[in-house]
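Each chain gets a letter, A, B and C, in the order it is written, and its residues are counted from 1.
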Amino acid sequence: MRPPSPSIPEKEFVYEALKQSLRLDGRQPLELRSPRLTYGSELGYVECALGKTRVIANVDAKMVKPLPERPFEGLLTIHSEISPMASSEYELGRPSEEEITITRMLDKVLRRSDAIDKESLCILAGQRVWHLRLTLHFLSDAGNMLDCACLAGIVALKHFRRPEVEVIGDEVTVHSPSERAPVPLAIHHTPFCLTFAFFPDETTQPVLDPTLLEQRLSAGLMSVALNAQRELCVVQKMGGVPLVADGVLSVINIAVTKVKELDALVEDSLREDWKGRHVEVR
Amino acid sequence: MDIDLDGDEDFDSGGSKLTCPGEPLTSAQDYMRGHGTYVENEEVIASVAGTIERVNKLVTVRAVRTRYNAEVGDLVVGRITEVQPRRWKVDANSRQDAVLMLSSVNLPGGVQRRKLESDELQMRTFFEEGDLLVAEVQAFFGDGSMSLHTRSLRYGKLRNGQLVVVPPILVCRLKSHFITLPCGVDLILGLNGYIWVSKHVKQSDREGEEGFDAEAVYSNQNDAIDDFTRIAISHVTNIIRALATRFIPLSDTILLKAYEWIVEQGSDVKDLLQEDIGDALVAGITAIG
Amino acid sequence: MSSRIEILNEGGFRSDGRRQYELRDITIDMSQQGTADGSAIITHGLTQVLVSVFGPREAKMRSQTLYDRANINVEVSIASFSTGERRKRSRGDKRILEMAATIKSTFEPVVQTNLYPRSQIDIFVQVLQQDGGLLQACINATMLALASAGISLLDFVSAVTGGVHSTSPMLDLTALEENDIPHVTVAVMPRTGKVTLITMETRLHVDRFEEIFKLACEAGKVIHGEMRAAIRLRTGMLISAMQSVSQNAGEKEDEQMYEY
């Protein structure tokens, strides 16, 4: 069910405020709602909140037989169905256009950007590999679920540790976490996704991390996924209001600086969490 | 008028100027924008591909192929798509389905008859989904969809023939769109590009004795058609098809000429669908003129 | 990823003999397909896409009608014989759905939908052959089909793919090149020089991106020239066909033509 569109005065009010670089929640146009990361007791369980948008990401691993065409690579699958829990807009079983975009973007940002070293997930070539499953639960939608989900996903992958395995000949031994310290995943780089909203009026500045209302009133979104090393992983602007070429490049440059901040923040929070954990090795 | 068209003017024919979407035509201060254009930054810009036309200060661009743009008084041929309370929805090759109100049709039992509740309940006995009809554009609704009427003896359900669909632009505006060819074939050239080709019905038969034959108007039964007429109908439809694929505008004189040419050549009905015969036909009728 | 085939050799040639900035052959066929209101087949090298546009017409589902503008419906299907390896993709494939959504949102701001309230414009995209630059071909073909259907458009849209091989940018990639190097698809509006669509899916440094992005914007204008010429050729042909008869067939028709 699509919620009714905002009324004309509501619309005008938001546009007028944005024209003066004011946002309804008091942020600067290019300010991110600061992400709150809450870790669960298990490794690889993260709840990420951007304002009222909340997504839980959970990673688990099991051993499977690798795909015949890629015997040396582990698998990473992402499960992300948006349930009506997030918002009455979403229906189970019938993916909305937004849901398709989110699913595809998650796939591109987390899987196809080669963030995880898949070859390091190989245990025994052609016989046994790790299959990582990243499950995302969308708890509530207050705008920009995509960025929130990508953040939750990548943090969960960084937080997760898999049990150590030992291979002697054809024998595979899995050591339980109480025996040997579990090992973190080999991660090549850490991509973060940032979404900008553009408005019909050309003079209005683009807005980073749009809220639900801003998103609905926007005339086009552009998502940029990149890492702190200034490498773009995904740039996606699917139609919407046309932009001048320089505008696109300036948005990307903004994203470059924002990602550096975000990267530092995530690293800090992970370090903080790790300090509080006791991993016993006997 | 200084309409600037840069480069490739080779395709210009007969002095008509071509344009493409997004091409600036002229200044908006000196000219008014018409259909197929819009104004941005004080410039009139084309929004469709077609020919530029100018009437005094009004600049329009007419697209070559487009859906039918109705005008009040146009004769159209349509097909019922839906029966709704007190109205029929009619597909008339337009942007939206046209509406035929129960109050805009003649019902059996006299022209002046009042519509009763019982008529509303038996609307399907007059027109059913899939029925073809000829009607006139009566008016437009606020959203641009058109309202039709069949309140004339010449309008109503179509029988005894077949439908051909051509691009609407190919149907010229004529004095009369009811054409009778000497080969015993009646043609209704709907301005929406739907053309009805049928057996000739005598004027007196159509109107009936009392001016209105109720049974005949909404009848679903075809009359007996002899083989000669059947062949003639097929001939005419294939002529229309052949002309339409070569983008030749249809009018009574051209169709007549084409039919004469075919008879002269003595070619079979199905021959017309062959590429070379169709080309020869076009060459033939353009040469006669 | 390293490939066995050299993407760009020392002489500056690509695997199919093109130079870095050379586009593949473009052929455009705008002849009518069936009962479609507008249709076009575009071929970029070995990639071929057929688009048929129906409408604006009455929406099939009443729930889809919008009271103030037309609803655009895009359906993409990829022929199972379009790739070397025969493969059937279901309609629910996320990649196909995403492509349809991309085409839809690219053309929604371009089509003057407010002129066609309560109607629906159906765009059926059929991929016949694919060899890289699929989205580019789909967008270009849709543009041509919409223009031939006489639908009001605010501007032209032309799309092109670009890629970067180590540090050298290249245009209009084949499937072979797409598999190996980062690539970007950009759709531009040539009149204003604005960009409506950008997609990139592989890792690329920001500076490299800037380079290829600017190059692609330029290349879009070249493709626009080709497409514009094709539309003009087609319109010119139809109009001269219409005039050929009316001019010869006596004054009577002539008058009527002008009136119309």
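Note that in this section contacts are C-beta pairs under 8 Å (C-beta built on N, C-alpha and C of every residue); 3 or more make two chains touch, one makes a residue touch a chain.
To keep track of the chains, here are their UniProt names: A = Exosome complex component RRP45; B = S1 motif domain-containing protein; C = Ribosomal RNA-processing protein 41.
If you're wondering where the values come from, they're calculated on a predicted model, not measured in any experiment.
Counting only chains that touch, the fewest steps needed to get from subunit B to subunit C is 1. A simple rule picks the central chain: find each chain's mean C-alpha point, then take the one closest to the mean of all protein C-alpha atoms, which gives C.
With centres taken as mean Cα positions, subunit C sits 31 Å from subunit A.
If each chain is reduced to the centroid of its CA atoms, subunit A and subunit B end up 56 Å from each other. In subunit C, the residues that touch at least two other chains are 155, 189.
Chain contact summary for the complex, subunit C toward subunit B: residues 32, 35, 37-38, 55-58, 67, 112, 116-119, 147-156, 189-191, 228-229, 231-250, 252-253, 256-257, 259-260. Residues 8, 11-14, 16, 18, 20-24, 36, 38, 45, 47-51, 63-67, 81, 89, 91, 95-97, 143-145, 165, 169-170, 172-174, 245-249, 251, 253-254, 257, 282, 285-289 of subunit B are the ones touching subunit C in the complex.
Those residues of subunit A lying in contact with subunit C across their complex are 95, 97, 100-101, 103-104, 107-108, 112-114, 189, 219-220, 222, 226, 230-245, 248-249, 252-253, 256. Subunit C contributes residues 94-95, 97-98, 101-102, 104-109, 155, 184, 189, 192-207, 209-210, 213-214, 217 to its touches with subunit A in the complex.
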